[in-house]
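Order of writing sets the labels: A, B and C. Residues in every chain begin at 1.
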């Protein structure tokens, strides 16, 4: 009994540093954010006062909030599946026995290593109307009319999505590549003997075996869809007219440009709820269908 | 055994304490000197940090009791975030260069003290009056001076003389008014056989902070965007709408400017690549254009409409409230020193920013420089027509309302008058509490 | 009809010959083992039959059909891998049915065959378990089930029993052999274990350094090893192959199996005992005659014999002769030998 109790105390003492850090830098800020969302923004000598649901009513009536929310949903729907599929295809490709696959792996991984700010600066010139690399192809080669990719409401968000996919796919590819290499080659041989085609092997063996990786990548992709805003700062600053603004970018605007910390807290609560729901769906629904080795 | 370990441990502790004490000693000595921490908005090291470091060192040599500690704090936006969050956690810098337009925000946050009450001697009072009035517009409110101009700029027009010649225009004469600029731009816009534009006539960037460039149109159209108290805007004034209509028409009606929102960052590059014949950008780009343009170029004042005019821009010195009287006096001394005519002139020559006081242009160094490189004087000549950059209470929220409206009009999703009425309504909503 | 025929098959990777000029035939319904030490090319030969490798030269025929350039699927055969190669995400039933499902066999047929196979292998209670929840022996049975449910005429096995413990291995040997007979399939079985090869096979193909050393029945392999390598590979302990001037002239090696050697009291070769290994029913004596060292397997316990001198005798019919240069068996005993007998 005493021995057992001592073991428990030991266990808790060992966990304490991590628990303190987690509480101080994750749990406390989250709770504080929710708390602050029910107060007004303190300004100078004016302290914050309890305003109840006022901030939430403002939020419901804020057209910019709804626009960035819709933008973010499109951004997630556009970037997550495509970057995952692309990562998977690239991993399959560089996992094969082809000449120069070392070079190819490096090429695919490079975007991940580069800082997003640097990447965004490269892409900014890539999208430049007239002489940008993209226009040199679409106008110079395909003969299409010139288009202001980042400066039009119809293409600004899509242009940012392409950058995100390009940046993320290489990162996710590494996880898929590692998982693919963990699959014993003898499984492919067994499937071949059993009469399975390449496609059947892919569908019935490889993809199910990669489910844990897919789940992991999916969690990351969802988080990133709401977290990556560096390229917006560099490339469009949310413009034109909020066409490419995402939720987190708007939170930054409200918090650190407008200095309206209470409303920023309210927006953050929405973000927390969204991410919480995504995590819940992933772990309750997808987890069940996943085989862990 | 245990005793020996214990003694050894004690010895370690003792040595460590001694070392840290010794390390702390210089600080103790210098605590008698007044330290002035100083946020300066530079993202990465380079020529500008060297200049600032040299200024600080020279000042310290002349004033051994004062220690200037420059902290390079990133972009303007990053700097104000750092300064205000540092203040909220109790340790703001003593001094900081931040956007002149952040004045109302800093006042509302009760972060800064005004220079007027600090400048007690007649000589100091005189110093406060030594700057260009155009720069002081963004530095004063309610009869007090809150910011000292330092890293200031304005918008000017750059043109490619070679392309002017090709188009049959006088390469040494810039368009002087809106009609001329439109006519020139029509001649400077070139299309290939398929009708695709290969060279645009004019380019006014509209990403990020279009309101500032828009002031380059509203000012000549004889209208200001806000009152001096920073609690009322005039976005729906007919002259404002007329100015926006002119801007929108450049691309949508006359097709002499690229459609949609034009990126600020790539505009100089567009100019170097000869994709555009006339560009509007900051005087801060002067050195950049001088080094990178492979052709003869000219710099001129922005074209006039009902009058000449351009907004000022850039950063001011602010003094933070949470500092000791000694630090405030030291900071005043430093700011006075660094804005003296000779240093203001040198700073302008080295960086391309506009020297902040008229007597700086009378110095020998500046006269020599301007004689060899006339574009350097254009910004100065324009200052007499310049107005304050848009700055109000809740500044960034109000400017965002205007920015969104401008971009909506430029991309064609809203008509100019509708866009400006919407922006004005939003600004009214935000500013109404500040008029009580 | 020959079920499997290899004609001068070679497989090389960058100048290294894994399999060189291998030809053999397996009749339908035969149990053939490919035997040899690791690296001898036996697994590569099996993979060439399966179609998992393509030969550098030569051809592979199944039931007189040239399948050299066909995919494994087109060859319609089954295979059991050393590691079993079970799909970890599928349960036992899904693993066994994998081949039928991808080939589009109907659900009713699948259920019927699954039931039959599960019954045959005693897997009925395990059908809904995942491979990770099974013991090694159970996994082995699932792999077997996956191979036989396909009802292919040819089944290939790559050291299927090597991961099992000794007792289970012996049980499985008998079971596999019985199963092969019962189903009437042609089996090619790769092993490095001569006991497995000798006890199960109709025909043993002994390989060495990528080539076939001897292709014979187990009895023939034991009684008439074709080469020194075959002689030294088969038998526990293997045959003594020594240069013994009294029995074989220079250039000829004498082979005699340890179990053919007896101890005698007055006649035979004087030999010094170097070591004794007690095996229970008998003992293994390591002896030296002149410069030659021989093993003798003799009944009884000889714990105190180390260092002693004994006399060794054997029958002339137990003597084998090999050409020292080529290693090949000499069919006629060398003439000098007769003269040397006392």
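Rule of thumb we're sticking to: contacts are C-beta pairs under 8 Å (C-beta built on N, C-alpha and C of every residue); 3 or more make two chains touch, one makes a residue touch a chain.
Nothing here was measured: the structure is a model prediction, and the numbers come from that model.
Chemist: Based on the averaged CA atom positions, which chain is farthest from chain A?
Modeler: Computed centres place C farthest from chain A.
Chemist: Using CA atom means as chain centres, which chain is nearest the centre of all the protein shown?
Modeler: A
Chemist: What whole-number Å value describes the gap between the mean CA coordinates of chain A and chain B?
Modeler: 34
Chemist: Distance between chain B and chain C based on Cα centroids, please, to the nearest Å.
Modeler: Computed from C-alpha means, the inter-chain centre distance equals 86 Å.
Chemist: So the centre of each chain is just the mean of its C-alpha atoms; given that, what is the distance between chain A and chain C in Å?
Modeler: 57
Chemist: At least two other chains touched by the same residue of chain C: list those residues.
Modeler: Correct list: empty.
Chemist: Which chain B residues sit where two or more other chains touch them?
Modeler: Not one residue in chain B touches at least two other chains.
Chemist: Applying the document's contact rule, which stretches of chain A touch chain B when the two form their complex?
Modeler: So the residues of chain A touching chain B come out as 43-45, 64, 124-125, 128-131, 139, 143, 145-146, 148, 150-153, 156, 236-237, 239-243, 253, 256-260.
Chemist: Note which residues of chain B are touching chain A in the complex, please.
Modeler: These residues of chain B touch chain A: 77, 81, 84, 105, 108-111, 194, 196-198, 200, 206-208, 258-263, 265-266, 269-270, 273, 275, 394, 396-397, 400, 403-405, 407-408, 410-411, 413.
Chemist: Would you tell me which residues of chain C are touching chain A in their complex?
Modeler: Chain C residues touching chain A: 50-52, 71-73, 76-79, 81, 83, 85, 87-89, 98-99, 101-103, 130, 132, 146, 150.
Chemist: What does chain A use to touch chain C in their complex?
Modeler: That would be residues 184, 186-187, 189-197, 200, 204-205, 208-209, 211, 291, 293 of chain A.
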